[in-house]
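Note that chain A is present in both complexes that follow, paired respectively with chain B and with chain C.
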Partner chain A sequence: MFKARIKADVLREVITVVGTLVEEVKLNISSDGLSLRAVDPAHVAMVELVLKAGAFEELKATACEIGVDIDKFREMLKLARAGSVLRLSHDEDKNKLVVTIDNLTRRMSLVDTAGMSDPKVPNVNLPAKVRVKTEELNQGIRASESISDHIALIATADMFELSAEGETDSVSLKLPKDLLEALECKDTVKSLFSLDYFSNMVKSVGNAPSVTLNLGTDYPVRIEFDLAGGEGYVKYLLAPRIEND
Partner chain B sequence: MREGLFSGDTGNRCVVCKGSKMLCGKDRCPILVKHFAQLRARTLVDRLDIEGSSPPGVFVGQYGYPKVFVGPLIPPVTGDTEVMDTPEMWLGRSIDEIVDFRTQLVRGMHAVDVFDVETGGRTVDLVREMALAASPAEAEAEFQRKPRGRLVLDDEVQPFGPSAPLKSLDVGSIKVDHRIEKPFYDTDLRAREAVLDLYGDGVFLSRIQKAFSVGAFGLGRNRRFVPTRWSITAVDDTIGKQLREKVKRLPLIDEYRIYESWTLDNRFIVLLMPTSWRYELVEAWYPNTVWNPDGTDIMMISSHEFYGGRKDYAEIGGCYYAARLATCEHLLRLQRQAGCVILREAHSGYIMPVGVWNVRENVRNAYKGPHLSFPTLAAALEHIRTRLDIRMKKWLRTSRILADIRTQRTIEDYLPVEPQAKEAEGVG
Partner chain C sequence: MGVDLSELVPKQPKLIRDFSGQTVAVDAYNTIYQFLAIIRQPDGSPLMDSRKRVTSHLSGLLYRNLNLLEAGIRPVYVFDGKPHELKKGTIEERAAIKEKAQAEYEAALAEGDLERARSKAQQTSRITKDMVEEAKRLLGLIGIPVVQAPMDGEGEAAFLVQRGHASAVASQDFDSLLFGSPVLVRNLTVTGRRKLPRKQVYINVEPERMELPAVLSALSLTREQLVEMCILMGTDFNEGIRGIGPKKAQKLMSEHGTLERVIAAKNYDIPQWQEVRRIFLEPAVEDPGPPAFGEPQVERIVDLLVGEHDFSKERVESPLRRLVEMRKEQKRQGSQLRLDKWF
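Moving on, here comes the complex of A and B:
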């Protein structure tokens, strides 16, 4: 059983995050809220997302799984007015999700979840932790986009750096400790990442004012931020690029 | 190195050579090949009218768009001329043969606004009807002047012969291809659906493209003439995209595969990899090939896309879309998804461009043949190294997809190692 009311803005945050990596996703629903895990088709990145019961205006659910097509939600959300609240309910007999905005109802056919297994989450040990303003990160990304297709994320004991090397130009965003919200780093760490992936992930952050990056050397980055004003969170994991010659 | 003997520009060299010493380094003299073919056409059409069986063929120019020249391609011979404008039948023929029959096609030109598909008058109606024909059509054209002998070469469009403005055009009875007729009369069917339906019905791409170029498909009010050059890529892209979305839902292949094709002194190596969909076409032009006529260095160029496709037009042109279509066709036949990198070496025997069909049919041909299987990328690249002249290092430096595969780690790389550890990939 699943019946809920949720603000369009909150649902939009979820859909933006998930749509960054996949077009279809399996939602795990219970009375505690909603959670999901997904890996992108190239298996370069994954996302874990949790939306607590408090993020909903109302939630009545027993544990169930629903497979949804992200595009259909995008279409519905485009029709939502500012401040709209969506009603969602699972029609188990017909296996459809009934979505209502104002006086508009869409009965969505669902994706078969049989072939959608929950991806395994690697247990990576990331020694450095940086909490940086979303705004700063976005600026660094935009500057890098015209220069290169990959970036380096570097953390030292007293600063964080995002840098891009092009054939002729280079870009570097350096944030000393006092401009960061948090910095925990003993030894210098540095990893390279695809700018495409990293940029899309950071662009999906939405309203969260800051983002936590967990880093290692030649190791994945975990990007964490809050959803729905703290009533949920996102954890992205992005595999690095390793230059081998 | 011959500078001491004949200093100066290439023109000088040709004067001394006169096509006998091959000083320019090509296998055969391009000027001679052109001239030879042209002579033949000129004697056949040295007059103000022409009568023959159109394959059927039509051509829509792009210069002056949206005011363009449309018109039939008519050879001065009657009979079964279908092959002359059906690139699907050309693979395995020599460059001379292709040039020979293409040069016989005389292009009649009639100026028209691209939107005047319905109201363009009798000549326009006849040209459009010819584009829908199922078999060669008897055509008689009168020109305002004698067709000027010139072989028109283009990287995208197959070559054709002399052209002249039309004075009048008469066409015998035309048997319209009933498969094409259906979307033609359906003015509520979008061009995209029409193209996809016809492809699904097994209609030759060259046929679909021809009808597309005369504005035979689409919503009534949107119909217009589309320059031949653009229509080729439009059809390749439309179908390729559709097939690609199907491919993206299929399970991955479980090995590295290499296919090969070699015609008109073009070597194509196709590498399929057990990854999600991604695609790249890398071309290497030797000095003295069509597009690198005077260079001393090999020129390399590539275009690629990752899983999400691309938004801008491919740098290397229409051949990108032609080869992508051929690749998706094959993957659907296999019912497998894969990443694909195509390496093309254009050698010195490729003296003139013959059109995008060369790439499409070559890649299709490669997939028809046997393939070799390899467990790792390193092993596959090692084999490719023995099949191509250009050093692997250069290919790797140019190819974005190969660079990505070799550097980008995946989530699985950080999962606890299972007992049957997966084989190490990548090359040193």
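Moving on, here comes the complex of A and C:
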């Protein structure tokens, strides 16, 4: 059983996050809220997302799984007015999700979850942790996008750096420890990432003022931020690029 | 052949490019058989050089692998080793089918029935020692690693995936799932267009990805039970019970839980089923270490295919040159790793 009311803005945050990696996802629903885990088709990145019961205006659910098509939610959310609240309910007999905004109802066919297993969470031990303002990160990404398709994320004991090398130009965003919200790093770490993936992930950060990056050397980065004003969280994991010899 | 589970297992349709960046463990014999069966003239005769040596497998191995490499996929070919004692029955049966097909092929040719001749000819495909040696030589020259399995190639391929050396097994057979491969991809190493048997109809064949955990949860079975279910239906290592297909076998397994109890309840006789079970659950495998990929050696491939086997120089050289250029570009750009490395 699943019946809920949720603000369009909150649902939009969830859909934006998931939609950066996959087009279909399995939602695990219970009375505690909603959670999901998905890996992108190229197996380069994954996302874990938890939305607690408190993020919903109302939630009545027993444990269940539903497979949804992200695009259908995007279409519905475009129709939502500012401040709209969506009603969601699972019609178990017809296996449809009934989504209502104001007086508009869409009965969504669901995706069969039989072929969708829950991805495992890779075991990564990331020695460095940086908490940086979302707007600083966005500025660095925007500057890099014009010159390169990948960036390096570097942390040392006293600063965090985002740098990009183009054919003729280079960009570097350096943030000393006092401009960071947190920095825990003993030895210098550096990994390269696809800017495409990284920028879409950071763009999907909704209203969270800061983002936590966990880093290693030639290791994946874990990107964590809050959802729905702290009533949920997102953890992305992005595999690095390596320089070929 | 192997067991046929196609009607029971959940499959995800995929495109070739979805596997970009992945290393796949290719069931070499299975793939070479496909090439020998499919790459034929309209009258059913295989491609041959001027000395009447079959070259269908070389053509398939070259062009298909170039396609995969261009898509950023890294194949590792796993060759069967010594067949298990219990596979002898299957091997003899296959030889008999080939002999019969050979006679029917010749008869159809004599009657001028080309369509029937072609379909019969496909069943006569045989892999000789020379073909295996040449296939390995060609793969090596393309820069594709070759792994020699101690026994069953699919068991070894499944092990490569479990060890993290590859992300999936590529085979048309389902056996690698029984051998414990977490992921199986079908239709990756065969061409995109295939003729339906006995019909003038072509279908597009797209890759299908299957995950063992999803297969098991769809069937509500454990891997041990899946293996036992297939033993009931018959595998390469045992004859199954007459009249038991996938659906009945699954039903029996979920009713009784173990093959031992199914056998007791139904009074079946499956000689050496414990040994067959062991072949799948504890396959003979060896760890060759992480696969080492090389660069294509264009001159030597041209020597082999054009010099020895009369391939067209233009048709061998130009796709190889394109691949070499692409590899240079990839090197310059660095490469994207996949998360699988950390699972």
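In this section, the second predicted complex is superposed on the first by the 245 of 245 C-alpha atoms of A that agree within 3 Å, B and C clash if a C-alpha of one lies under 4 Å from a C-alpha of the other, contacts with A are read in each partner's own complex, and residues count from 1 in each chain.
Simple rule for what comes next: a contact is a pair of C-beta atoms (placed from the backbone, for glycine too) under 8 Å apart; a residue touches a chain by one contact, two chains touch by 3 or more.
Fair warning: this is a prediction, and the values are worked out from it, not measured in the lab.
Undergrad: Judging by the criteria at the top, classify the pair chain B and chain C on chain A as clash or fit.
TA: clash
Undergrad: Return first, second, both or neither, reflecting whether A:E243 touches chain B, chain C, both chains, or no partner chain.
TA: Touch partners of A:E243: chain B and chain C.
Undergrad: Check whether A:M46 is in contact with chain B, with chain C, with both or with neither, and answer first, second, both or neither.
TA: A:M46 contacts both chain B and chain C.
Undergrad: In the overlay, answer first, second, both or neither for which of chain B and chain C A:V124 touches.
TA: both
Undergrad: Once the shared chain is lined up, is A:K78 touching chain B (first), chain C (second), both, or neither of them?
TA: Neither partner.
Undergrad: Output check: A:A114 vs chain B and chain C. Expected answer is one of first, second, both, neither. What do you get?
TA: second
Undergrad: Where does chain C run into chain B after the fit on chain A, at 27-35, 63-71, 81-89 or 171-179?
TA: So the stretch of chain C colliding with chain B after superposition is 63-71.
Undergrad: Looking at chain A, which of its residues have contacts with both chain B and chain C?
TA: In chain A, positions 39, 41-46, 120, 122-124, 192, 194, 220, 237, 239-244 sit in both the chain B and chain C interfaces.
Undergrad: List the residues on chain A that touch chain B in their complex, please.
TA: For this pair, the touching residues of chain A are 39-46, 119-120, 122-124, 149, 192, 194, 196, 219-220, 237, 239-245.
Undergrad: If we count contacts the way the header does, which residues on chain B are in touch with chain A in the complex?
TA: Within the complex, chain B contacts chain A at residues 248, 275-278, 306-307, 400, 404, 406-416, 426, 428.
Undergrad: With touch defined as at the start, can you tell me which chain A residues reach chain C in the complex?
TA: Touch residues, chain A against chain C: 39, 41-46, 112, 114-117, 120, 122-124, 150, 192, 194, 220, 237, 239-244.
Undergrad: So in the complex, the part of chain C that touches chain A is made up of which residues?
TA: 10-12, 14, 18, 20-22, 167, 210-211, 213-214, 217-218, 330-343
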